[in-house]
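Shared between the two complexes below is chain A, which has chain B as its partner in the first and chain C in the second.
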Partner chain A sequence: MSKGIFSLKSFGPAAIVIALVILPSIIPRFYIYILAVIFVTALLAMSLNMVVGHGGMFQFHHGAFYGVGAYTVALMLTKTSLPMWVGFVAAPFVAAFVGLLIGLFCVRLSRLYFGMLQIALGSLIWAIAFRWYSFTGGDDGIHGIPLPSLISSTTGAYYFGLILLIISLIVIYLIFKSPFGATLQAIRDNPERCEAIGINVRRHQLIAIVIATFFAGIAGVLFVVVEGSVFPDLLFWVFSLEIFVMCLLGGWFTFAGPILGAAIMISLRTFVGIYTEYWTLILGIMLILLIFFLPEGVWGYLAEKFGFQRKKLLEKERQ
Partner chain B sequence: MDFVQTITLPALGSHLLVGLSRAMILFVVTSGMSFVLGVLRVPNVAHGSLYMIGAFAAFSISNLFGGGSTGFWLALILSPFVVALVSLIAERSLFCHLYEREHLMLLLFTFALMLILGDLVKLVWGADYRSIMAPEYFRGSVTLFDAPFPRYNLFLLGMGPLVAVGLWLFSNKTKIGKIARAAAVDREMVGAIGINVSWVFAFAFVLGCFLAGLGGALVAPTVSITIGMDHDIIMEAFLIVTIGGLGNMWGAMVGSLIFGITQSFGILFLPQFAIVFPYLAVVIILIWRPTGMLKSVW
Partner chain C sequence: MLRVEGIHKSFEDFKAVSGANLTVEAGQLVAVIGPNGAGKTTLFNLITGQLKPDKGKIIFNDEDISKLPPYEICRKGIARSFQIANIFPRLSVFRNVQVSVLSQQRKSVRFFRPARTLAVEETQKILEDVGLSDKADATAGSLAHGDQRTLEIAIALGNKPDLLVLDEPTAGMSAEETAATMELIRRLAESQGLTILFCEHDMEVVFNVAESIMVMHQGITIIQRGPDEVRNSARVQECYLGGA
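Our next item is the complex of A and B:
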């Protein structure tokens, strides 16, 4: 059985990647764009899941770091004459730095207070971006950001997004599987016991936040590449909760769940949005159905049903 | 970023009053949220939506009775009950089945409720701006500190403490209030002595939402009622109950005062960044006292 799992596991992702590389030459431009948006959102949801799913922390305002990354690129490209790549490289680091600052205060607190303080700090960033017209463009945001010609077309943005997404996913996977990732998951399951065996819980949590916000910054860069604009809604807490829902929808105790969640959310929003303006109503109903019937998320449900993940093996081991 | 107003003592005084009346609205809303937090230990994300429904219901009821004084008072009395009914339906049909689940699910449920109620309001009332008039004797303004101060805001300044005293009497002097407080501390024990905890929770939830509706009805004559009200207030309410101490009613009062007053002084000192000041105050308080100003009931 384990051999079957192995071949399926390595074959599946490879097939998907090959399909995604070929796809843009077949499908219309609109779908290329939607896929690119899915890449951005998937990376964002994955980065959030590092803290929420693997780390068990209530990261309620993840969108703030995403927005900080996007704004950093946008401001560097429009307000400074530095070479373009500087902005692209700086954004994740700025996001991670903000993550470090906010994380320093948050990890001192217990679960719900952690989330509340983060909402407060994130909203402060939102309020500044929303109001500072002369610098961030206020509620209009920044439009028409000049991008390098290679990635300014939809297809260019698509491939850029795909490459960054794949690299990021490999790195996130390696972290997930590393001793650090294992420790983090142990902290999620039982912080007291981890503390007792000499793990510095807060430091691990802080490092996880910094890494996750770094990837959120990369997602912010991708957003600018795909959309060519930024606006304060990226930093708004409602959007952050939507990312949260994506993780839940996909299944946050699984590795690839958030990608699936992001893909489902973006596709639904796009295609439902064509027929009705009441998208949030549908999202709300979907979320309630999810809470009642699929608390493990779609991926978690599938994994349980078809047993193509380690969870079943683990359960067997336990017995 | 220039100082457009010369800052004088009367200006400070009148901004203080404006801030206080804003704080009273915030208090009525957040006291309800705090009550739910204290008993159920769930931050009710849908609280802002219920506040918005309260304001829209006040508009409809007031119109139904032809505006004027009767319309206003009936709206003020009835719309909290409309909101309470909505919350009772949501609680008994769906929410009550989740009490055994982890807290995050409860929180996400209230988020779902917020999304649904927000769009339902759009379906029922549309996306237009609405407004209602306060009765004759609340219109106009009086002169305080050499500046005009709306009469209606004086009414608000009275309502805030009234709600505070009412809620205090309720939770400390009535049996059901005491049971609710006991359930907040130890729900298993309350269940063990033969009290139906599920109904206690339902009651606490509905009472909290009732206060959200009351806040909405109170704010209705002073603002333009529109969709999107929920997003603004819920954020503020969240932060207020956090800096006050989760579940502590007097904490909600302290938090509301801090929030309302920093906001109105922000307008005085640096109008462009007025909305930044309350958030800044919240950040400073949370860094100084991470679990809020007053003792949390948790």
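Our next item is the complex of A and C:
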């Protein structure tokens, strides 16, 4: 039984990875690009879910750290003569550092207040990107960022994104399953109880924020690689809510849910967006249906239906 | 082991605790009794740091712990359960206890080893001790109320406490469950040499089990003595037992 689950578990992801490696040679360039965008967004949503789904914190302005990562690499590639890899490596660390600074203030507050303060502080960063024309390009953003030739083509960006996504997912998975991840989920369920069993809740939350913003920084780097440009919308709080919705849509208490959520959102925006500007209308209807019928998200529903999640207590034991 | 000296706590104008004293010697099973609103839960919250006292001292092993945050008090060796089932509802029963054991072993901030390989034996031992091992894989939130309360004690045991503080461990339980829980508490105290401090409504339960009883009324300690002396105390009968 447990062996069957194990082989199913490793077979699924392996098949998907192989398919994704082969795909670019058979699908048109437009779809390669869309998939690459999904990779970027999936990583971003996964990083957000580390704090929202696993940590139970109201990380309302995750886009700020994504934007910081993207702007860091963009500015270093256009404004400095440092080797290109320095910018790529520095971006996640800068994002994590900003995550640490903002996190230091936010973890002192609980729940909604945490989220409100984060929107406030994150919006300051957005304002800098939006207004400081001479440095960040203001609302025009930065375009035509020079990229290493290996990853400047759509296919190159696709594979670069795929590799970074897989590595990141493995690391996030290890953290999810580690004592740190287990404790973080316990904090999500009941912070008060965690304090009473000897866990320094704020420090734990802060570490989680730093890790999550690090991965948001990586997603920011990927964005630059895929799009070749940055603009302040990345840091705008409305976009952050979109990432939040992806987590809810896919299933925020599951591991892989946000990937699915990101894929659904990007597909909707791309394919419904062709027919109507009001694709968010469809999204809204989907969200309403979701709340009523799939409160655990799409992945959460599938997981329960096909039984690849922990079994609930047997009915007869409850009686 | 634990000494509470003249502790005070007010919420706005309401004096929840105004002059409580309590002594717990190592190895003792101590009960705090008092009518609703006597300040029992507030007293416990003060001892384990969820609340900070306005005045007074809490000495644990010769150290004043009254200003420490809850997690540090826990690390000094005091673990507790809560009056309302306070568990991790989305985690498995096993994981509920394991998180506590990991914290006790200072392994909560490890990243690259799967949690399922750590602290397994200790966790299983505790689940066996309290009789929850057959439900180890169940989601904690789906347990029956009585089992959730037992799980709560199991979580506290995961911290390997020197002093176990139980806030009304039988609240909301049937007579049968109450008896089973008290039996469990007595067994733990005996077999593991645990020092236990608990509060309780049910008089019979307390007089049967406790070695020392502290009576609280309107936030003030009336008396702390052995069960017989407390039962015969005129002052206790006056303000708590209502002469019954």
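As a convention for this text, the second predicted complex is superposed on the first by the 310 of 319 C-alpha atoms of A that agree within 3 Å, B and C clash if a C-alpha of one lies under 4 Å from a C-alpha of the other, contacts with A are read in each partner's own complex, and residues count from 1 in each chain.
Methods note: a contact is a pair of C-beta atoms (placed from the backbone, for glycine too) under 8 Å apart; a residue touches a chain by one contact, two chains touch by 3 or more.
Bear in mind the structure is a predicted one, so any value in this text is a computation, not a measurement.
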Overlay on chain A: chain C relative to chain B, clash or fit: fit
Touched partner set for A:L77, first chain B, second chain C, both or neither: neither
Vertex chain A; arms to chain B and chain C (CA centroids, nearest 10 degrees): 80
Contacts of A:D189 with chain B and chain C, given as first, second, both or neither: second
Chain B versus chain C as contact partner of A:L164, first or second or both or neither: neither
First, second, both or neither for A:L248, with chain B first and chain C second: first
Chain B versus chain C as contact partner of A:L147, first or second or both or neither: neither
Contacts of A:P295 with chain B and chain C, given as first, second, both or neither: first
Which superposed partner A:N200 touches (first chain B, second chain C, both, neither): second
Smallest separation of CA atoms, chain C relative to chain B, angstrom: 14
Complex interface listing, chain A residues touching chain C: 174-175, 177-183, 185-186, 188-190, 192-201, 204, 207, 253, 310-313, 317-318
In the complex with chain A, residue positions of chain B that touch it: 43, 45, 94, 97-98, 101, 103-105, 108-109, 111-116, 118-120, 122-123, 231, 235, 238-239, 242, 246, 272-273, 275-276, 279-280, 282-283, 286-287, 290-291
Residues of chain C touching chain A in the complex: 48-50, 69-72, 74-75, 79-80, 82, 86-92, 95-96, 98-100, 102-104, 107-116, 118, 135, 137-139, 142-144, 155-156, 158-159
Residue numbers on chain A that touch chain B, as the complex places them: 58, 105, 108-109, 112-113, 116-117, 119-121, 123-124, 127-128, 130-133, 236-238, 241, 244-245, 248, 278, 280-281, 283-285, 287-288, 291-292, 295
